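Below: the structure, in structure tokens.
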Amino acid sequence: DGREGTSASQDRTALYSVPPKMKSYIVEAVSSFLFEYETPRQVLVRNRRVGIACRLIQLGVLGYIIGWVFIYEKGYQNEDTAIYSVFTKMKGVAYTQISGVEKVWDMSDYVFPDQGGDSFVVMTNFIITFGQTQSKCPEVKFIVNSIQAFCHISTLRSSPILHQTSQWVQDTVPLPDGKNNCNSDADCETGQIKRTGNGHMTGNCVNTTHTCEIVTWCPVEDDRQIPNPPCLLAAENFTLFIKNSITFPEFKVDRSNLVESVDASYIKRCLYHPATDPLCPIFKLGDIVRLSGFNFTEVARVGGSIGVLIDWECDLDYSIQNCKPKYKFHGLYGSGTTGQASVGYNFRKANYYVEDKVQKRTLMKVFGLRIEVIVHGLARKFDIIPTLTAIGSGVGIFGV
Amino acid sequence: DGREGTSASQDRTALYSVPPKMKSYIVEAVSSFLFEYETPRQVLVRNRRVGIACRLIQLGVLGYIIGWVFIYEKGYQNEDTAIYSVFTKMKGVAYTQISGVEKVWDMSDYVFPDQGGDSFVVMTNFIITFGQTQSKCPEVKFIVNSIQAFCHISTLRSSPILHQTSQWVQDTVPLPDGKNNCNSDADCETGQIKRTGNGHMTGNCVNTTHTCEIVTWCPVEDDRQIPNPPCLLAAENFTLFIKNSITFPEFKVDRSNLVESVDASYIKRCLYHPATDPLCPIFKLGDIVRLSGFNFTEVARVGGSIGVLIDWECDLDYSIQNCKPKYKFHGLYGSGTTGQASVGYNFRKANYYVEDKVQKRTLMKVFGLRIEVIVHGLARKFDIIPTLTAIGSGVGIFGV
Amino acid sequence: DGREGTSASQDRTALYSVPPKMKSYIVEAVSSFLFEYETPRQVLVRNRRVGIACRLIQLGVLGYIIGWVFIYEKGYQNEDTAIYSVFTKMKGVAYTQISGVEKVWDMSDYVFPDQGGDSFVVMTNFIITFGQTQSKCPEVKFIVNSIQAFCHISTLRSSPILHQTSQWVQDTVPLPDGKNNCNSDADCETGQIKRTGNGHMTGNCVNTTHTCEIVTWCPVEDDRQIPNPPCLLAAENFTLFIKNSITFPEFKVDRSNLVESVDASYIKRCLYHPATDPLCPIFKLGDIVRLSGFNFTEVARVGGSIGVLIDWECDLDYSIQNCKPKYKFHGLYGSGTTGQASVGYNFRKANYYVEDKVQKRTLMKVFGLRIEVIVHGLARKFDIIPTLTAIGSGVGIFGV
């Protein structure tokens, strides 16, 4: 457009040489608005260097528009983010034989919370204190020793109260760094709670333990040593089943991670493997930990957190069957090798019950793997509006 | 601008005809930079077709800028996404009379977890196994039969241990697809755990059931039949109250889904209806299921998942009272009609207690509706910067 | 480019004066495509006003590109949003001495749920109903009185069943607004459940209370009065430890809110303060409530919800040590001063146990602070592609 031609010049000359008549002034103005247009006079330059440079720049811009805007950024497609739902279920049974007591741990025992949502904890290690009651007992001393701690569960049937108490009763040497230590009753201020303490001080210093007596849930939990090896090392073989439904509301597309090739018979025998079974929704816990770059035994001992990413990137211009999830594993924190101020992951859980009219609780310090299933869903589909916008902005850049 | 005029031509001629004096060279350069500007020579073309086409294109661009950028995309406004908080509370009481035992189920019994967050499960069906202890018992056989399962709860007062055990003891025919079946002790490898098994095999094959004896929580849960009709079909009439606060931090606007028209007296009597009561924050569970396209009885039996979307799209250039939520309902997965490999939603929950010095648990396989409240919040308000940017980019496209 | 020069004009004249030979026609076309280019004829206009205006506009556009696109919007950098994990742990012990009974409340007693995730509730007030069983008892009357409610816990050791029942038995005057009131058996329809009722009516009207008898968990919870002052006012001194790991997958950067300056010794003694200790990850609950604009006593009584925002905005072109979190506090709903239809935050939690072969539960109506840790993570880093795009679009606007 706008190449300077003789006809255009003539038109223009004609326009100015003819004087407008008064009565047709408005008609003239409207028609001149409608039928005339301005365009810059173009000069056709012949110069090898500049010409080639000019064409190269145009080629670059064209390449940018086609390559970047259309192919890479998919500017001709509309995007839609997903609404999704995640359902998880652990399977597997751990068997422990501690101090002669057999115990089987199933899903309901080692998964918290129970609901099978997108965030849960698989217990891999624990310190249990059975039969706590509200009463008076001495604090546990802070000690630093090198004795290896083994996973031990008191025989609940015989004497739940005696659990783990004999250990610190015998150790009578007060250590200098023991924060709850005392030498006389004056060290234990009645009614106060120490920052590192577990309860209200009664004002007595217990001679046998050299610690202050407190009102609290007794006996006090003794978590000075984390069992090593972890109590539920068998968790490595537990399996995690993930069911993930995803909906792209704008495109009215529903998908599940149980895609066409994952049928009932395949699910019954498959196990996820990044190379051979990338679509199997059943994962071995040990594999998840390994794929996220952790060492299972270490993480199982102190706890950690792992993100399981389910990545949906669907081009709905192709067949819906190509819309498949990709699983990725990401260590979020954990194994204590980074030298941070705080390592691992643990929490305490109490189960309350009434025995002989007395309110009691079983306190469990749980070390475990916190697994968070994170879903990223993005679908694209051809749409006329983004296509026009992309072409328009491309033409704009081209024009400049 | 830039229409070729005679004065401009004269200026230009003047510029080139006057030779620059040496001492005023810099002044000249600066003033020429400041006071001169280049503009393309325009040609005024008079041509009906091209003229009209040109005006139509300009009209199109103008329409695009005004219609799309300003009216549709609201390019003159700033956006802010919301911080929000969701609080939910179920109400309703279910009454069951099973095997002559009356039982009332209230919110604390049928909602998991208790905290009233944005994701929770309403139990609609269940299989309860009372009084499990760690001991030895035979596996439950996998059987496929067509016997209708009814909701049954053992009479806890009399004999919790006997619950659901008589059923499989009487059935003595070993079925070929029974995965935990055995004919002799050789079939039950001591110390091993079968993939489909619930515990550690002792090495004995129990004659009465033809299944392996295992160490586990006994009696083993018998979940071969899902009760039909669902035990808590009354859940259809439970109501869900949703309180949703939303904050747009950039605009310093706080809103709640209890908008002006939803006052204390309205809340006490209203029930959400898409047409007549679209702002009432109290929803009947049956309505939610129906509006998301599911059949309540079917979903209640095997479980399912539903998303309740609260959509806030607020134009804060208007009165704040127009900033109201819209409720949408979306079935995320479920009712088993899609023929997928895995249908429904269930999880197991254990309640631990101590009886006669023995640790016991009540295991509940819960089928239910998982409800996830999803909040989308977007507010817009006039702001000078996006307006200028939108005008600028509009002018840019117009110029081209 | 495109200033009209004599050489270009000559080239052009040459091009048109030489007639193309037939055999070299294609070569000519290709070379004319490659070596020629069109450019508008420019006119150099000398006009003070227009010139200055023109330069000012160009200056404005340049300022916009540099100031807005590059400095403010950081158009030369790539963005990445974060994957994160939040771990929380409350510390602190509350001591209550109610009706002569000493009780110590630790983390396991007052935090729901236990797992230490990003959303949890700290109990600050409660109404406990011990030892509920499935049986028949009269409804609690709705009364409006001005009697101050004090925090009271029944002495569980002696008589859990008697708790809180004596209170309403003595009050025998039926009030007109009592929704569950009755004067004769005819007011209590057998088998029905009132909307405000807690169970299945038996058809009897209990004379002593003038309310209908129902089948439900008995005794019925009496929550007509919220204890004031709150039972666990000591919660103000509880501390919250937040551990937040963040990962920018695209830039392969991992950070934790325990930054370099937050080492093990600092954590042991520090407490968050917006001015003096802005990086300490240990927060006093009272401070959180105060910083979010609430009054602790009021929120502790009826409950409320607070968002703790952790804001990561990292410019990775600088040292990684400058990538630090900022903590912000935001009241999401709550303290009842807004005059809304529904205030506060509470939920009910039941602990189930078996006593004397009877299934019982302890029901706790929990008022508390719901804390939601929200993480916003955004990292930026220089990248060639957004830089070129920004320059390109800048040049585009400049050209116009």
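Note that the chains take the letters A, B and C in the order they are written out, and that residue 1 is the start of every chain.
Operating definition for what follows: a residue touches a chain if its C-beta (ideal position, glycine included) is under 8 Å from a C-beta of that chain, and two chains touch if they have at least 3 such contacts.
What you see is a predicted model, and the numbers here were worked out from it, not measured in a lab.
Trainee: On C-alpha atoms only, rotate chain A onto chain C and read off the angle in steps of 5 degrees.
Mentor: A turn of 120 degrees brings the C-alpha atoms of chain A onto chain C.
Trainee: If more than half of the interface residue numbers appear on both sides, call it same; otherwise different. Which is it for chain B and chain C?
Mentor: different
Trainee: Once you find the CA centre of chain B and the CA centre of chain C, what distance in Å lies between them?
Mentor: 17
Trainee: Going by the touch rule set out above, which residues of chain A reach two or more other chains?
Mentor: 2, 40-41, 113, 353, 396, 400
Trainee: Please give the residue numbers of chain B that touch chain C in the complex, ascending.
Mentor: Checking each residue of chain B against chain C gives 2, 4, 8-9, 11-12, 14-15, 32-41, 83-85, 87, 89, 93, 95, 102-104, 106-109, 113-117, 131, 156-157, 160, 241, 243, 245, 247, 249, 256, 258, 262-264, 266-267, 351, 353, 355, 360, 362, 385, 392-393, 395-396, 399-400.
Trainee: Using the touch definition from the top, list the residues of chain A that touch chain C in their complex.
Mentor: 2-3, 40-48, 50-52, 54-55, 64, 112-113, 119, 121, 134, 193, 197-200, 214-217, 305, 307, 309, 330, 332-333, 340-342, 345, 347-350, 352-354, 357-359, 361, 363, 370, 372, 374, 396-397, 400
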